[in-house]
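Presented below are the structures under discussion, each in the form of structure tokens.
Two complexes are shown next, each including subunit A; its partner changes from subunit B in the first to subunit C in the second.
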Partner chain A sequence: MPLWSDPLFGQTMITLMAAAVLVLQITLVAQKSLVASIRVFGVQSFLLAGIAGTIGWFTGAGHIYVAAALTLLLKALLLPTILLRLVEKIQIEHEMRPLLNVPISVLISGLLTLLAYAVAEPLQHGMSYGGPAALGHNTLPVAVALFLTGFFLMANRRKALSQVLALLSLENGLFLGAISLTYGMPMIVEIGVFFDVIVAVLVLAILVGRIREAFDSMDVTRLSRLRG
Partner chain B sequence: MILSAIAAVVQALLLLLASPLITGLIRTAKARLQNRRGPSPLQPYRDLHKLLRKGVVEPETASAVFTAAPFVVFAATLLAGLLIPTVAASAPLSQFGGVLTLVYLLALGRFFLALAALDTGSSFGGMGSSREMTIAALAEPALMMAVFTAALGAGSTDPGRMAQVAIFEGWRFLAPSQMLAFAALFIVLLAETGRIPVDNPATHLELTMIHEAMILEYSGPWLALIEWSAWIRQMVLLTLLANLFFPFTLASGPGVMELLAAGGLYLLKILVLAGAVVLVETTNAKMRLFRVPELLAVAFVLGALALISTFLFGVR
Partner chain C sequence: MPLAFLIAIPLAGAAATFLGRRRVFFEFVYCAGAGAALLASVLLAGRVLAGGPVSFLNGFLFADALSALVTLLTSFVWAVTAPYTAGHLRGRQPLEEGQTELGIRDVRLYYTLSHLFVFTLLAVPLTGNLGLMWVALEGATLASVFLVAFYGKPTSLEAAWKYAILGGVGLSMALFGTILTYYAAYEATGVDTWEALNWPFLIAASPQFNPLVMRLAFILVLLGYGTKAGLAPMHTWKPDAYSEAPVPAAAMMATVMLNCALYGLGRFYLLSARATGPAMPSKLLILFGLLSIGVATPFILVQKSYRRLLAYSSIDHCGIIALSLGFGGPLGSLGSVLHMTYHSLAKPVLFFCAGNAQQHTGEDSLRKTAGGLIHVLPASGAAFFAAVLAVTGTPPFPLFLSEFTVLRAGFAQGYGWASGAAIALLVLIFAGMFAHVSRLMLGPAPDLPAGDRNGWTVYPLAPVLLLLLALTFWMPAPLSSLLAQAAALLEVKP
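And now, the complex of A and B:
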């Protein structure tokens, strides 16, 4: 059997890419520079598009290709460009100061990943191994880990822009979970989610600009008083 | 028996002769990326030649440790190099120990270097060795866990055996845990060879220097030995990274053509990895010493996740 039609090879490639996605997520937690974080996110989305493309290739489902192409265009190219422009335009300081220091953050995200493994393990037991039906099922722990560390990242950041980035990586986890378990949601849901993300980023970009104008900083901890 | 003796001699010669070239190529490539012409890749050989002809100046306060250290460091590093497979899929001295011996031989060399730096009683030496030990204590767990991940995948701690298992299994050997372990080991490589986010290899006139601060008192042939063993150590770690996680190009038989082809591919792999190191060095600024633990914490967590996910991912 040639390599490119062997589902076991596809599964190996998918798990490898998923592991790389996990490595990038931990880099994102450890990274202090905003610009570098945005680039890491871009690469992560690129790998996700690769996973989706591989699943599409081995299952022969056409709509997964569309999802892969959308991920590539929107998340790997368009969103990083918008965010990088934004960073350039508002000329914020590039170093972000998380609430917890880096070693503790990295340790916590390591523990969250373990939790994700523990949570996803029982779900994996009932599933069949081998054949195209099992393709990508063992990426479920990675998906849950992306989701949990994304949440942690959001809570751990002060600046609005880095919180947007955390939200996006969380969304990457959702996408990975959806595509590895169900081979993608119906097309219309897929497109809806993508436009949601785009709109969310655009709105947040404007909001970030406003916060900065009003407070001279993007630190959301300063937004503590309600005014009528 | 005779065959393995020949293999050991050939591999020792390969390490001795090729390691200065790797260092020279890294320096040249780095200079080119920074728009400088840089020295020729052969400069390390000239440095060795120059240093080996000179006399030795020994500090008055130095004891026998200072004299012994260059030889211990050199011998330990070279021995460590003989415990890993380079071109063929078996290590020449594999009957003397596996990966654990390798890690501790490298640690022995580092220990003696730190001891010698303390021995002279200069303040720079003390600073250098305390920094080196701090970094080593943080890098070693990550190194161990990354190496154990690969050993678990193959079911053996002998690197040659690990490579054979991997070649036998083909691409099925590539597990997600290895990706994590590779990332951890790459960070350890940067820390252990004194590369830029951790230490600056290009200077010895900086207050933040680590490796250079330890060898400040050495001169002549002794300095040559220490520099040479640092280059060999770099090549050993690059080889470890290349051959633990991508051993498919190694020759499994004793054929001459096969060995030559595997040798070429081996050098190619090392050069690709060295290129990655050059890219990291040119795109990053040196970290403050107090931020180095952050980097090594990342390596540690990656290594721990790699080791644990071997059990949890359910692939193997």
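And now, the complex of A and C:
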């Protein structure tokens, strides 16, 4: 059997890419520079598109290709471009100054990954392994880890744009969860979700710009006038 | 067909407004659209009552009694809010740097966004697909973020930012829950097309779903749509957003968006209760419901701003509806739809009166505003009192009946302690709200010119309050059977 039609090869590739996605998520936690974080997010989305494409190739399901193409176009190319432009345009500080320092943050994301494995394990219990029908099922813990780390990342960031980035990486976890569980959501839902993600980023980008104008800062800890 | 027509009304309105040039035209389109939508949803409710669930385009659009009821409430609130919006936007606006009037571009932006907001809120109950329902709710969040940020002041941007981020996180949790539900359906039935998220299919197949997956899905959806509805402890965006958004938009958010989020939560509650047994989801709903009422109480008692007061009152009502859903049984499900209905009728009036008071005094602080506003705002002041009595569940207003039903459901289902705690908290809330409003309205006449001159901000008040009062004593037969059918759909039957 040639390599490109061997499901075991596909499984290995998917596992490898999923591992890289997780490593990139932890890089995002450890990263202090905003521009580098945006690039890391772009690479992460690119790998996700790769995972989706691989699953599409081995299962022959057409709609996963659409999901892969949308991820590649929107999340790996368009969104990082928009965000980088925004950083350039409003000339913000590139350093993010998280609330917790880097070693503690990485430690916490390690613990969250362990938790993700504990949560995902019982869900995987009934799933079958091996064969094209089970491709990607072992990436579920990675998806949950991305989701949890994304939450932590949002709480740990002061700057508005880095919170947006954290929200996006959290949504990458959702996408990975969807393709690892069910090979993607149904087409029409998928398109709706992508549309929403794009609009959400545009909305947040507009808000970031206006907050920057009004407060002369993007530090969301300064948004504290409304209380009680 | 009426389904597609109903959805198309606000979209057409948004397009027309976007291309229009004159303020009167925007106002006319908004009011006419609201009227047409109300008519269409009454017709839809009639059809659902006469012939059972309606479905269009393969279940893409779908309406049973529950969605017909939520749609009817949405259109009703829109129809009441539309003339008020016209009046309110012509009045004094809390803008920056001494400006008090909106430019025509701002007015156009406001009406276009409002149409889009209504479109997404009508799409939530009218789509039969739980995945698309999520898309619609996310759309509602995005449209309303701009409405919250509308005045462009630093405080409105702060509120919009908190709302967008918390709403985004919440909705991503709800999406994960939806994905897990789809996975459970796929695993149980092998269907992998978009029909696997269609409501009639899901509810029929739900007893075979993997309970473990559905348990996780329900927790995620509860946190997600709970954030959208404003259940404590995910409620923190609400006071900021409601006090910074323009009053008519806040009134829509506090009633219609709350209904839509609870409607989605109710659908998932049914699915997971059938898959895992009702005990776990019910207990969670009761916990979050009670927590919401409990969190709202102290903030209502010590509140400094009457706009924020209304937000905490809406957190309290959201808690009551969730509590009722959690109690379950015939009484619990009836209590939740009744309370949702009456709350949607009463709450907009309260927002309108608060808006009129704020427009007249230029201040929404309970401390800084001199009392005695009823001398200068006779109509709004009287309506404010009546509406506060209504939303705190005082007889003869029908919210007393619905709260009574909810509390009775608690005793009937063996959650007497929860009902008891809720009664104590509701009494405190009544005292707090009434004390605040009395301070604001009663007392010697303040040094302000006579108000309530802006006709359209006053006309909607009395008819809605009278309708509310009439519903206490006489419920039209079709409405009562619609409510009964919606309640039956929300009841968990094994």
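As a working rule, the second predicted complex is superposed on the first by the 226 of 228 C-alpha atoms of A that agree within 3 Å, B and C clash if a C-alpha of one lies under 4 Å from a C-alpha of the other, contacts with A are read in each partner's own complex, and residues count from 1 in each chain.
To be clear about the criterion, contacts are C-beta pairs under 8 Å (C-beta built on N, C-alpha and C of every residue); 3 or more make two chains touch, one makes a residue touch a chain.
All values derive from a computational prediction rather than experimental measurement.
Applying the stated clash criterion after superposition on subunit A shows that subunit B and subunit C can sit side by side.
By the touch criterion defined above, A:97 lies against neither subunit B nor subunit C after alignment on the C-alpha atoms of chain A. For subunit A, the partner with contacts to more residues, out of subunit B and subunit C, is C. By the touch criterion stated above, A:203 is placed in contact with subunit C alone, subunit B being left untouched. Look at A:214: by the touch rule set out above, it reaches subunit C but stays clear of subunit B. Contacts of A:85 after superposition: neither subunit B nor subunit C is touched. Closest contact between subunit B and subunit C, by C-alpha atoms in the overlaid model: 20 Å.
Here subunit C touches subunit A in the complex through residues 129, 131-132, 134-135, 138-139, 142, 145-146, 149, 152-155, 157-162, 164-165, 168-169, 172, 175-176, 179-180, 182-183, 186-187, 192-194, 196-197, 210, 212-213, 216, 239-240, 243-244, 299, 302-305, 308, going by the rule given at the top.
Those residues of subunit A that touch subunit C in the complex are listed here as 119, 122-123, 126, 147, 151, 154, 160, 163, 167, 170-171, 174, 177-178, 181-183, 185-189, 192-193, 195-196, 199-200, 203-204, 207, 210-211, 214-215, 220, 223-226, 228. The touching residues of subunit B, counted against subunit A in their complex, run 171-172, 174-180, 183, 291, 293-295, 297-298, 301-302, 304-305, 308-309, 312-315. By the touch rule above, subunit A contacts subunit B in their complex via residues 3, 8-9, 12, 15-16, 18-20, 22-23, 26-27, 30, 101-103, 106-107, 109-110, 113-114, 117-118, 121, 124, 138, 141-142.
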